[in-house]
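First up is the structure itself, then whatever we jot down about it.
By written order: A, B, C and D. Residues from 1 in each chain.
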Amino acid sequence: MSAVAGQGQGQGETSPPAIELVGIDKRFGPVHANRDINLRVEKGTIHGIVGENGAGKSTLMSILYGFYQADSGMIRVAGREVNIRSSDDAIDAGIGMVHQHFMLVEPFTVLENVMLGVEGGALLTRGIAKVRGELKRLEREYALEVDPDAVVGELPVGLQQRVEILKALYRGAETLILDEPTGVLTPAEADHLFRILAQLKAQGKTVILITHKLREIMAITDAVSVMRRGEIVSTVATRETTPEQLAEAMVGRRVLLRVNKAPAHPGRELLSVENLTFRDSQGVTRLSDVSFGIRAGEIVGIAGVAGNGQSELLEVIAGIRAPSSGRIAVAGQETAGTGRALLPAELRGCGLAHVPEDRHRMGLVTAFEENENAILGYHRDPAYGGGPFLSRNAVRDDARKRIEQYDIRPPNCRLKTANFSGGNQQKIVLAREMERDPQVLLVGQPTRGVDIGAIEFIHRQLIAMRDAGKAILVVSVELDEVRALSDRILVMFDGRIVGERMPDADEQEIGLLMAGMDSKAAA
Amino acid sequence: MSSPIPAGPDRKASGDGISAATAEKPKALARPAPDKLPAWADYALLPLINVVAAFVVSGLAVLMVGANPLEAVKIMVFGALGYGEGVGFTLFYTTNFIFAGLAVAVAYHSGLFNIGAEGQAYVGGLGATFVALALDHFLPWYATVPIALVAACVFGAAWAFIPAWLQARRGSHIVITTIMFNFLANALMVWLLVNYFIQPGTMDPASRPFTEGASIPKLGGLFSLFGADLGAAPLNLCIFLALIAAVFVYVLIWRTKLGYEMRTVGLNPTAAVYAGISTSRIIIITMLISGALAGLLALNPVIGDQQRLQLNFVNGAGFVGIAVALMGRNHPVGICLAALLFGMLYQGGAELAFDMPQVSREMILVIQGLVILFAGALEHMFRPGLTRAVNMISTPQRRRMVEAGEASR
Amino acid sequence: MNAADFLDVVNATLRLSTPLILAALAGLYSERSGIVDIGLEGKMLAAAFSAAVIAALTGSAWLGLLGGIAASLVMAMIHGYASISLRGNQVVSGVAINFVASGLTAFFGQAWFGEGGRTPQLPMTARFGEIDFPGAQAVADVPVLGLVYSHFISGHNLLVYFAFLAVPATWWVVQRTRFGLRLRAVGENPAAVDTAGISVAWMRYRALMLTGLLCGVAGTYLSIAQSAAFTRDMTAGQGYIALAALIFAKWKPWPVLWTCLLFGFLDALSIRLQGVVVPGIGAVPVQAIQALPYILTMILLAGFIGKAIPPRAGGMPYVKER
Amino acid sequence: AEVSPAVIYDIGGKHDKSFNESAFAGEEQFKKDTGIGYHEFEIQNPSQYDQALRNFARRGYQPIIAIGFSQAQALEKVSKEFPKIQFGIVDATVDAPNVRSLVFREEEGSYLVGMLAALKSETGKIGFVGGMDIPLIRKFACGYVQGAKAVNPKIEIFQNMVGTTGDAWNDPVKGGELAKSQLSRGADVIYTAAGASGLGAMQAAADAKKYSIGVDSNQDDLHPGSVLTSMVKHVDTAIYSANMDMKDGKWTGGAKVLGLKENGVGYTSDQYNKDVLTADMKSKADEAKAKIISGEIKVHDYTADNSCPM
C-alpha cells in the first residue's frame, strides 16, 4: 500500500519531496520535544532548520535518522512511506546524518570508522580494500582529504567532522543531515564545509542543515524552517525572508540583541592574569602566555570558537586546574604564581565566584534537591550549621529566599534538580554564585540552553553586578552575546589571546581573529 | 580509569556505579526517565516486591528437590523467632549484617562499591585479637573491649586504605582491588593462624581462647528480665554498638558537611571538584570509615561469641552486607530491617537443616544472591510497572511533576 | 629441580592454566563489548556442576560438555538481561550470579546426591581423558623435539587443546572479522555502533553468548576433565584470578595466554611447595605464592607497570533517551 | 538410660567417603539391627558446633556423638551444661564424666598399609597425600613411613599435605595435582589421608594405572584394581558399640583408645582388591599385625612427641 501512496504522491508533482515528515510527535518523559511536526524537504536543495537550544531540532532529525522513535507520525522518503525503526532503516532509505555530538570510535582509524556497519562480508580484509578505493573517489569528488589510517581520536574536530560526512556518503546517502556542524568550526573551516555542501547539492543530493546561526542560513540554504518549543512555526524560501523575521519567529517576539546599559566606570583592577600557561595531562598546551586584567565595574568578554582554550582559562582561574606557569591575582591577593595555586574552596574565600560552562556536568548535582544545590561549594559556610554538622532548616530557608529573588520555577526547594528546566537550572547556579556578592565573577556560557525570557533576566543581573562594582569575565560561544554584554572583548585562538576589541568593532574583523588570522594579514 | 562515578541513593545512577572501573571521565547520570515513584513505594514497596520475587524463585528450587516451600518457611520462621534461643541467634547474625551493610552503604554513597567488607572484617578481627591476647589477663572486659574496638576499626580501616589509595591516586578500580584484597586477607590470616596463633598440639588453627578479661556480656540476663530465655545464644552487647553505628551513619551521610561532600562525590565527581571538594580525599576517608565499620563486625563473633580468633570466622557476612545494603537502599533504617531479615534467614536456615535435611543451608546463599539480583541488578524490572500502577492511583502527583516541566514555559 | 620435576611442573602449569585461559577469554568477549563481568566464577561453577551431573547421569562426557555450556549460557543471559536490557548495575549483577551459582550448585548437589554437594565419581568413559598423539611414545627419547612432543604436546585432554586453540581463534575473531570490529566498537562507543545501523543490544548479547560458551567449557574442564566429580565451590576463586589475568593482559588475547600461563605456573609451584622446607628459609609461605597473581595485578592496576586502559564504554549501560 | 542416638558430622559432610561416612555407616547399622532411629546434623560453619550439640542435648537425645576434633572445644562447654546427657567424640579427648572419647591408633593401621605399599612398589618410590597439615595426619604419615621402611629401608617416600586449613579436606583438584606430581616423580603407590581431597589423589592414581590406598572407610570399590587396600578406621563399630552400650545400660565415659588389638583400625581385603593384594603380601602384613598386637613391634605415635623418628 505504501507503494500506492507513493504513486499517489508522485503524480501531479514534477518530483516528490526528498523527505516528508507528517505529524511527528515525540516526548521525553515530561519534555514535549516535538509536537505534531510537518515538514517537506525538496530534492536537490539545502534546507535549513533554525531554532533555539532545546527547540527540538536534534530530536526531530534523530527521529528521521531512526536514532529515536517518534511516538506518532509518518515519514515519506522520495514520496514512498518508509517505516524507520533504526538507523539501519534510515541508511537503507538513503539518509545520512552528521550528529551534533560526533558518533565516532576514537581509538579506531578513519578507515575502520567509515566501514563500521558496512564491512561488506564477515571478514574485514576485502572490505578494507573496497573502502580505500571509495575514500579516494570521494576525496576527489568533494575535496574531503583525510588520511584513511589516521586514528580518529587524534584528528582535529574539523577533520573528525569530515569523517562523519564520509561515513554518510560512503553509505550512499542521498539526503545528508548536519546538526549544528559549524558550532565547532572556525569561519575558514565553515566556509570549506559550505563549499562541500554546495558540491553535494550540485550532485543532486539533498542537505538538511541545522543551526542557530542566521548568517549561515541566509548564506547557503534554499528554504528554511523555524522551530520553537518543539513545533515548526514557519517554513519559507530563504530568499523571501530576512534574518530579523527569522529571529522573531525563533523566539516568538522581537529580540533586543543590545542590552541597554550605562557606560562602564572601571575602578581598580580586581582580576589580573599574567603570562598564564597551562598544559593538560597529555602535555598539550591549552593556554599559552595569557595576560589580561579586569577592573571593578567592567565586563570583559572572551570571544572564540569553542575549544580554543576558553574553558581551560575559566577552570584555571577558578582553581579547578593548576596553571603550569604564570600569575593570577584576585582582588589584589595572589591566588596562583609563586606559591601553591589556591584551590576552588580557598578562591571562594578570596571573593571569586564561578558559573561553569556546563551546569549538568559541573554546576549542579542533578540528583540533589534544589536546596542542596543552592549551597554547592559554600556548604562549609558556618551559616549552614556549626562544626561538622549541616542544618537542613538553615539550608532550605536560604534556598527559598533565592527561589524568591531569582524567580526560579517551580518554586519548590525540595524538587529534584533534574526536574527543573535548563533555564531554571541555570538560574539556580547564578543565584548561588551571585548571592555571595563576590569581587570577581567568572561566567561560562551564561545563557546556553536558556529561553529568551531567562536570557534577558540573566543579562540584566550581570549588568547590575557590573554596576555594583564587580569584575566580570564572560565566556560565550555566541558572539552576539559577548558583544551585547562586554565592555571589552578579548579574542582567543589556539590558547592565546590574539586581540582586544571594543564591543562595537566590526563583526567580520572579530570573526577573522577568531579564525586565527590577523585582520591586516587578511586584508 | 579515573575518579569514581555516581552510584548514590538515586539508584538510577547505579548503572554508572561501577564505571568507576572504566569511565575515562565521569559521565552524567543515566536516567531512563525522571524518577516519579513516591517515596513510600520507592523505599518500602519496591524492596518488598524484590524480596518476594527472590523468595518465590528460591521456593521453586525447594520444590524441585521435592520439599514443601511453605513448610520450609514455617520451620525457618519458627527457628528464627519461635523460641528464645532462636531469637538470640537471629539477632546475633543481624548484628554482623548491620555492620556489614553499613560498611557497604557508606562507600556506596561516595560512588564506591566496596566488595571488600569480608576481608576488612577478617583483618579487623586480627586487631581485636591482638588486644584481647595482650590484655585479657590484666584488664577487665570493660577496659579491654573499648581498646579492642578501636583496634578492630583501625585494622579494618587499614585494610581498606590500600584499595582506597589505589582508587584515589592511581585510579585502580576499587571493585577489582577490594575483591583481590579479600583473597589477600584470607592468605594473610591463614598464614598467621597456621604459623603463629595455632596452639601447639591442637588440631585446628585458632588463637588461644580469651579469658573473661576479653569478653562481651551476653544479653541472656537482660532478656530473662522480660521472661525470655536466650538459651546459649551468643547475642551480646555488640547489637547496641551496631545500632549506634547505624545512627552514626545516618547523621554522617545526611546531617554533616562531610556526608554532603561524600554524596556530591558519589553523584557527580566533576561538580565536587568544582565545589572545591577533593574527590581523592573523600574517597580515602569514605573507605576508611567503611573499613572501620567492617572491622567492628569482627568484635561480635571474635570477642562476643567464640572468644578466640578462628579461620574464616567472618564466614560470608561481609558479602551479605552487599545484599543488605542494596535491599535497605543504603539507608541505615532500611539496612537494619534488611539485616534482620537476613539474620532470620541464617538462623532459620540452620534450623531447617535439623528438620528438613534435603533443604541444606546453601538455600540461604541462593536467596541472598537472588535478593542482590532483584534488588540490585534487576531493579528496573518491576520499577516501570510499579510506577505506572502507583501513578494510576495517585494521578495528581504525576501532574505536579509535569507542571514542574512546563513551569519554565 | 631435576628433569622429572621440570616436566611435572610444566605439565601441571598447562593443566592449571587451561581453565584460566578459557575463563579469561570469556571475560574478554564480554568486557570488550562493554559489559563488565565479575560473574565468571559463578558461570564456571554452574557449568562445572551441570557438566558433572549430566555426565554422571548419561555417562557421556560430550553431553556433560553441552550441559555445562548450557548452564553457563543461562547465567550469561541473566547477566545480559540485567545489564543490557534492564540497564542494571553490571557489577551487582555479577556478584549476584556468583552467589546464586555457589548456592544452587551446593544446594542441588546436596539434595540430589547427599554428598555434601559433591557429585558421584565419574568413570573414565564419562570424562575427557588424556589423548596420546600418534608416535608419542616412539619419539619420547628423541632429545628436545621428541621430548617436547611426547611430554608437553601430547597427552592432554581435548579441552586443554581447545583452550590453547581458543587464543589464536579469539585474536583472529577480534582483529580480523566484522563481528570483531563491531565488538571493539560497541565497547568503545555504543552510540557510534547504533548510528551505524547496528543493534547495540544484540551485539552485546552475542558477546555474552560467547562468554557463556567459554565459561561453560572452563567449568566443564574443572569437573569432568581435570577431576572426576563436582565438589562444592570447586572453582575456588579461579574466576577472579581469570578476571585479574584479563586485566593484567590489558584485554588482549595473546597477553591473556601468557598471563594465564604465568598464574597457572605460580599455582603449580605453590602446590608443590606446600610444606616444603627450604634450608635456611624454613617452610615456604605457600600463601604468599598463592597471593602473587593478585599482588602482580594490583601493581599493574596501580600503573606501576604500564597502564591497563579498559574499554571506554565498559560498565555503563547504553542509554539513548535520558 | 533411654537411647536415642544422635550424630553430628564435621564440615566434610556425612558422605565424605571417609570418617564421617564411617560414622554414618555405624548409625545405619545400629538402626538396622535395633530398629532405633537416630538424628544427625552436618556442620556448615564453626558457630554451629555449640548450636548443634545444644540443640540435640536439649531434645534429650543420647548418646550424642560429635565427629572430628574440631568439635572438642564446643563439646567441652556443652557437656558441662548438660551433665545428665551422654556424649561421645571421635578423634579427640574431652575429659568429662559424661563424654566418651574415641581415639584410634591410626599409626598402627598406617604401618600395615605402609608395608603393603612397599611390597607392591616396583619403583621403590611411594607417596603420601595428607589433607590438612595437622598432628593427626602426620600420625598417619609417620606410621606409613615406619611400615614401608620396615619392608624396604631404602624406599623413597614423597609426602605432601593438601593444605593448612579446613578446605584441605575438600579439594580433590589439589589432591589430584599432588598425586600427579608424586606419580610423575616415580611413585607407584599413593596413600591418602585427606578426606574428599583424597578422592582426587586416588583418581589420579587410577588414571595413571598406578595404585592408591584409601583411608578411614573401605574405599576399595572406588577404583577396583587400582585401590590396593584401605586403612580402615572403625568409627562405625565404635559408634555402633557406643549406642549398644547405651542401650544395654553399659555406657561408660572416658577415653577409649582403639588400635589393632581392639580392632579399631586395620586394612581391607575384599573382592575389589583381591587381584592386586597378593596372598603373600597379606601374610606378611598379618604377621606384623600380630607382632604389633603382642607388642613385639612398637609403632611410634607422632602425637606423643610431635616428631617422627624416620
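The rule is short, and it goes like this: a contact is a pair of C-beta atoms (placed from the backbone, for glycine too) under 8 Å apart; a residue touches a chain by one contact, two chains touch by 3 or more.
Keep in mind that this is a model prediction, so the values were computed, not measured.
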Hey, which chain ends up farthest from chain A, C-alpha centres compared?
-> D
Highest-count interface - the chain pair sharing the most C-beta contacts = B-C
Mind checking the centre-to-centre distance between chain A and chain D? Centres are C-alpha means, answer in whole Å.
-> 78
If you average the CA atoms of chain C and of chain D, how far apart do the two points sit, in angstrom?
-> 36
Any idea how many Å lie between the Cα centroids of chain B and chain D?
-> 40
Expressed in whole Å, how far the mean CA point of chain A lies from that of chain B is 44
Shared-interface residues of chain C (touching two or more other chains) are 117, 312, 321-322
Please set out, as single numbers or ranges, the residues of chain B touching at least two other chains.
-> 28, 31, 33, 190, 360
Touching two or more other chains - residue numbers and ranges from chain D = 42, 133, 164
Which chains touch? The pairs are A-B, A-C, B-C, B-D, C-D
Within their complex, state which residues of chain A touch chain C.
-> 28, 65-68, 86-91, 97, 99, 103-108, 112-113, 115-119, 121-125, 127, 167
Touching residues on chain A, where the partner in the complex is chain B = 28-31, 229, 318-320, 343-348, 354, 356, 360-368, 372, 376-377, 379-380, 384-385, 388-390, 392, 409-410, 412, 415-416, 418-424, 451, 454
What residues on chain B touch chain A, complex-wise?
-> 6, 8, 10, 12-13, 26, 28-29, 31, 33-35, 255-261, 263-264, 267-268, 270-271, 273-278, 401-409
So in the complex, which bits of chain B are touching chain C?
-> 1, 7, 14-24, 27-28, 30-33, 61, 64-65, 113, 115, 166, 170-173, 175-177, 179-180, 183-184, 187-188, 190-191, 195, 319, 322-323, 326, 358-360, 362-370, 372-373, 376-381
Contacting residues of chain C [partner chain D, same complex] | 4-5, 7-8, 11-12, 15-16, 113-118, 121, 124, 129-130, 222, 226-229, 231-232, 234, 236, 268, 271-272, 274-275, 286
